[in-house]
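Below: one structure, written as structure tokens.
Should a chain be cited, it is by its letter among A, B, C and D, assigned in written order, with residues numbered from 1 in that chain.
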Amino acid sequence: MIKKITALAAMGAFLAAPAMAADKVKIGFVTTITTPAGVIGQDMVDAVNLAMEDIGGKMAGLDVELIIEDDGFKPPIGKQKVDKLVKKDQVDFIGGFIWSHVLLASKKSALDSGTFLISSNAGPSQIAGKQCDKNFFSTSWQNDQTPMAMGEVLNQNGVKSVYVMAPNYAAGKNMIAGVERTFKGKIAGRDLTKWGKDAQLDFSAELAKAKASGAEALWVFYPGKAGGALIKQYEQAGLRDTMPLYTVFTVDSIALPKLQAGNLAGVMGSRNTQHWGPDLDNPQNKKFVSGFKKKYGHYPSFYAAQSYDTIFLIKSAVEAVNGDLSNKDGMRAAMKKADFPSTRGKFSYGNNHFPIQNFYLREVVADADGVWTTKIVSTVMENHQDPYAAECKM
Amino acid sequence: MDWGLFTIQMLNGVQLGVLLFLLAAGLTLVFGIMDFVNLAHGSLYMMGAYFCATLVQLTDSFVLGVILALPLTALLGWIVELIVVRALYTHDHLDHVLATFGMILCFDTAVDFIWGPTGMAIPLPEVLDSHIDLFGGHTFPVFRILIISTGLAVAGFLYVMVSHTRIGMLIRAGASNRTMVMALGVDIGKLFALVFAVGAALAGLAGMLIAPITEASIGMGNEIIIVAFVVIIIGGIGSIKGAFVAAMLVGLIDTMGRSFLDQLLKVFMSSESAETSAPALSAMAIYILMAMVLAFRPQGLFPPKVR
Amino acid sequence: MSGAFLEVRNLYKSYGGIAATDHVDLDVRQSELHAIIGPNGAGKTTLISQLSGEIDPDGGTIRFDGRDMTRTPAYKRSLLGLARSFQITSLMLDMTVLENVALAVQAHAGHSFRFWQAARKDPALTEPAMAALEAVGLQDRANDIAQAMSHGEHRQLEIAMALATNPVLLLLDEPMAGMGVEESQRMVEILRSLKGEKTMLLIEHDMDAVFALADRISVLVYGRVIATGTPEEIRGDEAVRRAYLGDEVA
Amino acid sequence: MTSLFRTGLPAFVMVAGLGFLALLPVLAEWVDNIFLIDLFMRLMILSIAAVGLNLILGYGGMVSFGHAAYLVIGAYAVGIPAYYDIYDGFLQFAIAIVASAAVALVTGAIALRTKGVYFIMITMAFAQMVYFTFVSIEEYGADDGLTINMRSEFAGLLDIEDNFTLYYFVLVSLIAVLGLVYRIVHSRFGMVISGAKGNERRMQAIGFPTYRYRLVCYVISGAICGYAGALLGNFTNFITPEMGDWVHSGELIFMVVLGGAGSLFGPVLGTAVFILLEEYLSRLTQYWHFPFGAMLILVVIFTRGGINGMFRWLGMKSGIGGRS
């Protein structure tokens, strides 16, 4: 009996699901809402909502419906959510994706159905190279690029040996590959630490190894909350005096407020590389940063900037075909032009649909109000294309 | 061999060990005396960390935060015992596993709701936030020394309490023979509640000690609780001494694995595979240890005498 | 070699230095009903558990029908024809009476790695099971869940299960424990009807039953056999009287 | 009253349930929501795993806290050959079954030496070992998982690349596994297993080497879960070691107990309730785990025997899907 009741209830609920409306742009956005990494997802969702306000909720006169899904920081869940977006909600675009492994798990479901997939952050080497796809676009970067810029910075600073640490997942491996690509000195040692749901947050053993390796500098990639934990332990272990810290995607607007709250002044003046910064001087970025600060009361992160860009990229595609969402070729061609106002300024797309863009060196400073943020110091790489583009047959 | 590094890593292992001990001590008592499997023990570890983080922010003092958070966690434990756990004593282990699994979900969501998903840092006073110099240019963080000494002090205190006081006598008796304790005319309900609350406070203390290093975060107890179970199974359920020895073993194996296993593996495989496999294999080592212990001593290393 | 059916020599088992069975010698002859009596804590159940193979002795030997089976596992002893009933009722309580007995039959009907045919309607199992139930007078309760029965009926079911394995030696651990007068009377009748047919080793506190049924009696005190003989001999034995019988049988 | 394992489900409910499952793809097309097919496919695949676990947990009283490991083994039995462009379904499913059975044999042989909570923990420990083994294999994606580009091929007999076909393949598998388990628990072997659950000591005393029977039962159960894992790998096209995390083993237990351990259809019912609740509650609020967890606690405290027990507790005479 219960089975029947359940079944009937299920049917009822499913039948009540909203019917498809053709005169709407439907955008799915997959990010991490739950788990401690949810703080990143929140920043992205905030940026997307801001972008929706800024475009008045319309693209080429069509209403835009945004469906946000939580991947729970787990590849299989992300994939399930993409399946749902494609099959149930039948969205036109899917954006989001903080994590490379979630994106890798989900891409087949989205691309097999012909839906446009736009990564607002993750940039695994596979998708930039052999597995590139005509319907995939990135509003961020390929994973290797930012650490490649950092490798250059290490060279410029005359660092001879470095110890590298990163989480053990797709992006972590890409990041290490990136820094090793450009860094000319010696890699004194590597540690890949457990990531995912049960991410390792106590790095005592690894930091002791780093110290004992005799490397001149420590390079790390720890996005989200792990970054804060690492920097704290780096300080506590007294490594600041002996091993300068170089980071990518670790010290950002998500970590800084907490570091400031904990008064970890050691992070001041530390350097990192990025394709964007809140102080980057272009009209779209100014509008974005001031709008974001006004609405949410803090600096946006690069995740937010890329998510903001995602909406504007989609808008440029929809407008190019005058809202004819069945014209996939038209939309694809429009996106390829990268003809939209981006927070990073003007850029172009490579053959693999990853941006060809500048990378900057940034320094942690206090702004006029004493709030910790980053300031662009110099341009490390200009109009840089990722090293995997050549492997992409497109 | 770099003996300085080896010493540092031993200290790191001991630090992880005492943390596990704090968590396992309550678990093994609750399990041994009440025959209650509490997967949600890790949630109390998390709650301790969050209470402490909140109180440190309010009082601006780490020490005060810990002192206030301890009774608060004990109180929470007492309430949980009263409302949920008490109703489960008459059920079997399977029911315990399921109900406390449900409790984990409730606690994690409640924390998300109250404190948000971000997690909370616990700032430390300057003295604790620094490091001391050891021989050969090595350094060790002061706070980790504090963790080690607190853990050892608690272990000593528990040892004295269990072996030399009346309550301890009841606890030991309870762990080996429940009916006997009841026959002694002891209010078993009160004893259970007390033990549960103390166990909660110890778990909370472990959470308070780790949070300044890793931050308090949702679900922080869900993986370490499994390791804590491994500890009490290896040590023998109900045995404080067993929990201590096993916690040290597990802490050292895990840390030493992370420190030196990749070097060892590089002898057999490419350095890249070694670096990927080493953390996984060292995590696996403790489960292998447990399976081996159980295969040869199905009751663990130090089972309470009569059962 | 005495040629006894069950021959126990020097059997020793201690717990934490206290001997539960202290170098016990015991001979049970074919077809006799041999009773073991002794005060509480004399080690009777420990002895039976060693005979049935649930507890490993620390020393000594157990020979059954001429073969050494000191270290033979419990299930093999059962297959060799040795069956026991438990002092504390030990049944598959959530199964029916018939299923309990049918399982005992099944245990001795070849291996049970048979995954396909339904077992409950298999006459090869149910028919002998019903016969065993009839032997103890439980045929009318065959389809009741074991849990639902009275204590006395549980004891009868215990015997039926032991019988269903078609044993040559029955180890009966206080079959009358906790029974009322009438129930005990029934049990005595059941055991009497088995006399001569099966060899039985009976542990029992009910002295009237023991002296009415036993061919020979051994007295166990503090893990030691202090006397063995016919009921009359035991009644007349001074040592037994002093150690044990004195205050129980006037 | 004679039989121990009554299905208890009136025939028309069973037929209605199966009929619903059989018609679902058509219904899904009709309401223009083919995601329903995915949802129910996942439900059925996990049901198969739950039915497999129920064989030892419900009927045999062995609480394995590590059965998700066999799902992972089964899934990688599809994924690893696929990684080398081997898509032969017969081979993949055979590997899935044999490999899970082999792992169950080795781990079961050790685990079954222990009892009670030690058994719960040691099965979990072995599952963690399986989990970390796959995490440590860099070649097959380690933590990041492995994408399966093509589903199994059955030499022209069956093409499950299409979701419709896969759906019916899963449905038939579920029915076959239910039939198999029904047969097993009613057989002589099944009698020994449930006898050993009731009283292992007594079973030994009447002449059963219970250890061997339990081990074989454990192996069969593992193999069924391995089979479910192979289906899962085909269904998701993406597999990670995380599928074998202890939390998922816990969920499997929950599915079995929720529906009523030791009843034939209980695990299916429990899985259905679990998956559908998860789907709907998570849509209502991001805090859906709270009511979910609270429900779990209440179910355990106030009922014994899952949903079945709950109905009995509410005063409905005959439980559903289980013995009353």
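The rule we apply is simple: a contact is a pair of C-beta atoms (placed from the backbone, for glycine too) under 8 Å apart; a residue touches a chain by one contact, two chains touch by 3 or more.
Quantities reported herein were computed from a predicted structural model and do not represent experimental measurements.
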Shortest walk length in steps over touching chains, chain B through to chain C: 2
Each chain counted as touching chain C and chain D at once: none
Chain at maximum distance from chain A, centres defined as averaged CA atoms: C
Averaged-CA centre spacing for the pair chain D and chain A, given as whole angstrom: 37
Mean-CA-position distance for chain C and chain A (Å): 75
Whole-Å gap separating chain B and chain D, where each centre is the average of the chain's CA atoms: 32
Junction residues of chain B, two or more chains touched: 112, 222, 276, 280, 283
Chain A: positions in contact with at least two other chains: 33-34, 168, 194, 197
Residue list for chain C, restricted to those that touch at least two other chains: none
Interchain contacts (touch definition) - all pairs: A-B, A-D, B-D, C-D
Residue numbers on chain B that touch chain D, as the complex places them: 31, 37, 84, 87-88, 91, 93-95, 97-99, 101-106, 108-110, 112-113, 222, 226, 229-230, 233, 237, 272-273, 276-277, 280-281, 283-284, 287-288, 290-291, 294-295, 298-299
Residues of chain D defined as touching chain B within the complex: 57, 63, 65, 110, 113-118, 120-122, 124-126, 128-129, 132-133, 135-139, 142, 246-247, 250, 253-254, 257, 286-290, 292-297, 299-301, 304
Complex contacts: residues of chain B adjacent to chain A: 2, 4-5, 8-9, 12, 15-16, 112, 117-119, 121, 123, 129-131, 138-144, 210, 212-215, 217-219, 222-223, 255, 258-259, 262, 271, 275-276, 279-280, 283
Chain C-facing residues of chain D, complex: 1-4, 183-184, 186-192, 194-195, 198-199, 201-210, 213, 216
Residues of chain A touching chain B in the complex: 33-36, 38-39, 42, 168, 190-194, 197-198, 200-202, 204-206, 208-209, 211-212, 225, 228-229, 232-233, 235-238, 258, 261-263
